[in-house]
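Can you read through this structure? Questions will come right after.
Chain nomenclature is as follows: A, B, C and D, assigned in order of appearance, with residue numbering initiated at 1 for each chain independently.
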């Protein structure tokens, strides 16, 4: 049996694809979970766009420092080998293609890798984009971490995004609670999906054409 | 003799005009020059355009200045945070204008102003709503957007150490926008934790060189 | 584990291809990676385009590589110096191409490459011979020239301290082009005075963060 | 009597016009002499485009450091309060209008303040521009330090430069061995000239129209 993944399990699955020595930015919110599952024995340097490389774990209670926070404005620590720099230098890293991977959340992803994650069509609240557009164009690989469908069951993977774009043709790989999907030049290719469902089930929950990868396998994650 | 030290925050803020564009350092509260922002209420300048990553939180610092009705426009990357109540209220009432700029572009536009660059092409925001009305251009097969410098009349920043020439260091991730804003304004005012003697900051450790800073004032006031 | 330390200069230079664009740090001899340049002769790569502020002096370092016939083009701001005998001889014989770029534009073009900027407008060189054939544009009443990024396949730089992640510091005015070239090349190789343990370089003191550096090697070789 | 100035005397005259607290770049060669005559009691911060602010005097014999040089590649020292930075940051200072004054040499200067100081028409030698074009457009005031005429007696101040330009409309003030001349919107205005010659003598040695400033006076410098 292999059922729908929890958020932690999606995070675990993404972490498996981050190689030793990678420079990685983990987006605010759900993607931050990935840091908890980086495989032992790999040294991975985490970038935070507010001017940190080598971000470490959350500090112990009472050790928080208001001047040492991450992009989500939460207290963090810095590993030996870490460095501080300005926003301008930080986004030179981002936009300049120096990050191996960034992991972002999504409202919608199109079959060509367009990403929408900053604004909806119904903006009663003032929109904010933060660093998402810079990350979407700048990282060598953009991984998306998302539930496969919205809370009301609407597909988030579409032929075309209907929400305002964060970046066009940005996404390289999509990790959902149901599947791992590559965005390729010839469309969306499913590398892994959960054992609880058939390929046709998955396609039915996706509003863009999928094809199974030639080496597709079952998406299997540990209990977490 | 060069002496950029000011004896009080009030004196350090003298001369800021109505209608100024003010670059405000900080990412969330880290690096936010809260005492400078609050003293600006008494200073009296109004109709201000604020350039800052966020739009304030709670009812202190930037939010207090906003609540006092002094800010007519804010240019930022991410106005909303868990505590951005005052901004949201004023925005909902149509009492404050908002220009959303991607975080990297915000910083790079200020750098351009400080570095004498007339404009630059960035791939960030190409093909999105935020590029609407902006000139675009394909470079090396990739769509780019033309962005123009964003200059401040004043920069209000928080730093760690300063000396009387105006050299600055920062503390940890409170560095964020400070070094760039210091370059990009006609009048740069830095609130610092400590003022040290000339030569006490190693020349290798200076993050913002003296040339970019006009006034330094110790948090709390006395030098 | 990340370990960017190389045991010898020879190993650190492995894989540099014929026809590469090589960014070479240094202003005069300060910051010039002389041992890397001389070892590149044995490494064998040829038909190189060199980007460097100067065109070498005496018969060591860059001049030695030039004398060995490995350089087909040099992009620099100031080729001649009191001792640039070899460059002048080869240039006079038509054996080396020269592109002269204003010093600030040279550095800014490399920064653009490193920072993902597709191009920028600078007032420098507007209305001069060096702007010939380049697109110009009036911005705020001032003529500007469009300049494009200058990217390296390889950067050879000299730094002071390094650690195994690749963080770098520099010594005094030997910093010059190092931090910018480190950002602007696909493969950045730093020759350093000393390699220290991770954590020994204060995170506030890092000038070139690890992300920009691929290989570090101690002058003389052993780590 | 007030005769033709020596180079040191031109340097002295320029130094008088540099206010306390100024940030100044002194071009390679003749302009470097200005540093020797900065008036006592003024604190002036010297910028060197290779990454120094707060440049100090030449080191004592044996104290030279090959890593601490100026733009002319000569050993220097750094004052307390000085700083080191990259070329990119250095030219941000230059181009960004942060220098109060730079002092440059010249082959030719036009009546509208065009400056030619990097290449002649007869380039048997490969041309080099260094940081001159950046300084010419970037400093708030560009002072030129030059002999009034070439060694063969040709005027260096012309209606139009015949040599390739370093910058157009760049120069604010010209200091020669004969006069101090402002470049104004209405042409070249002579503020001071030496007592040995009449205004007409000076005009005869200048290939662009001059006018005397309303408060023009004799150019007087000490013996040096």
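Note that in this section a residue touches a chain if its C-beta (ideal position, glycine included) is under 8 Å from a C-beta of that chain, and two chains touch if they have at least 3 such contacts.
It should be emphasised that the depicted structure is a prediction, and the values quoted were computed from it without experimental measurement.
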On the document's contact criterion, could you list the chains that touch chain A and likewise touch chain D?
B, C
Which of the two pairs, C-D or B-D, is linked by more C-beta contacts?
C-D
Rounded to the nearest whole Å, what is the centre-to-centre distance of chain A and chain B, using the mean of the C-alpha atoms as each centre?
30
Taking each chain's centre as the mean position of its Cα atoms, how many Å separate chain A from chain C?
35
Touching two or more other chains, which residues of chain A qualify?
78, 84-85, 91, 94-95, 137-138
Mark out which residues of chain C touch at least two other chains, giving numbers and ranges.
108, 111, 115-117, 122-123, 170, 172, 203-204
Judged by the touch rule stated earlier, which pairs of chains are there in contact?
A-B, A-C, B-C, B-D, C-D
Complex interface listing, chain C residues touching chain D
27-31, 53, 76-81, 87-88, 91, 98, 100-105, 107-108, 110-111, 122-130, 143, 170-180, 207
Parts of chain B lying in touch with chain D, wherever the complex brings them together
1-2, 111, 113-117, 163-165, 167, 183, 198-199, 203-204, 206, 209-212
For chain D, which residues are in contact with chain B within the complex?
20-21, 23, 43, 45, 47, 53-54, 78, 80-85, 89, 91-99, 137-138
Can you check the complex and tell me which residues of chain A touch chain B?
48-52, 65-69, 73, 78, 84-88, 90-91, 94-95, 119, 125-134, 137-138, 164-168
Inside the complex, what are the residues of chain C that reach chain B?
108, 112, 115-123, 137, 139-140, 142, 144, 148, 169-170, 172, 203-205
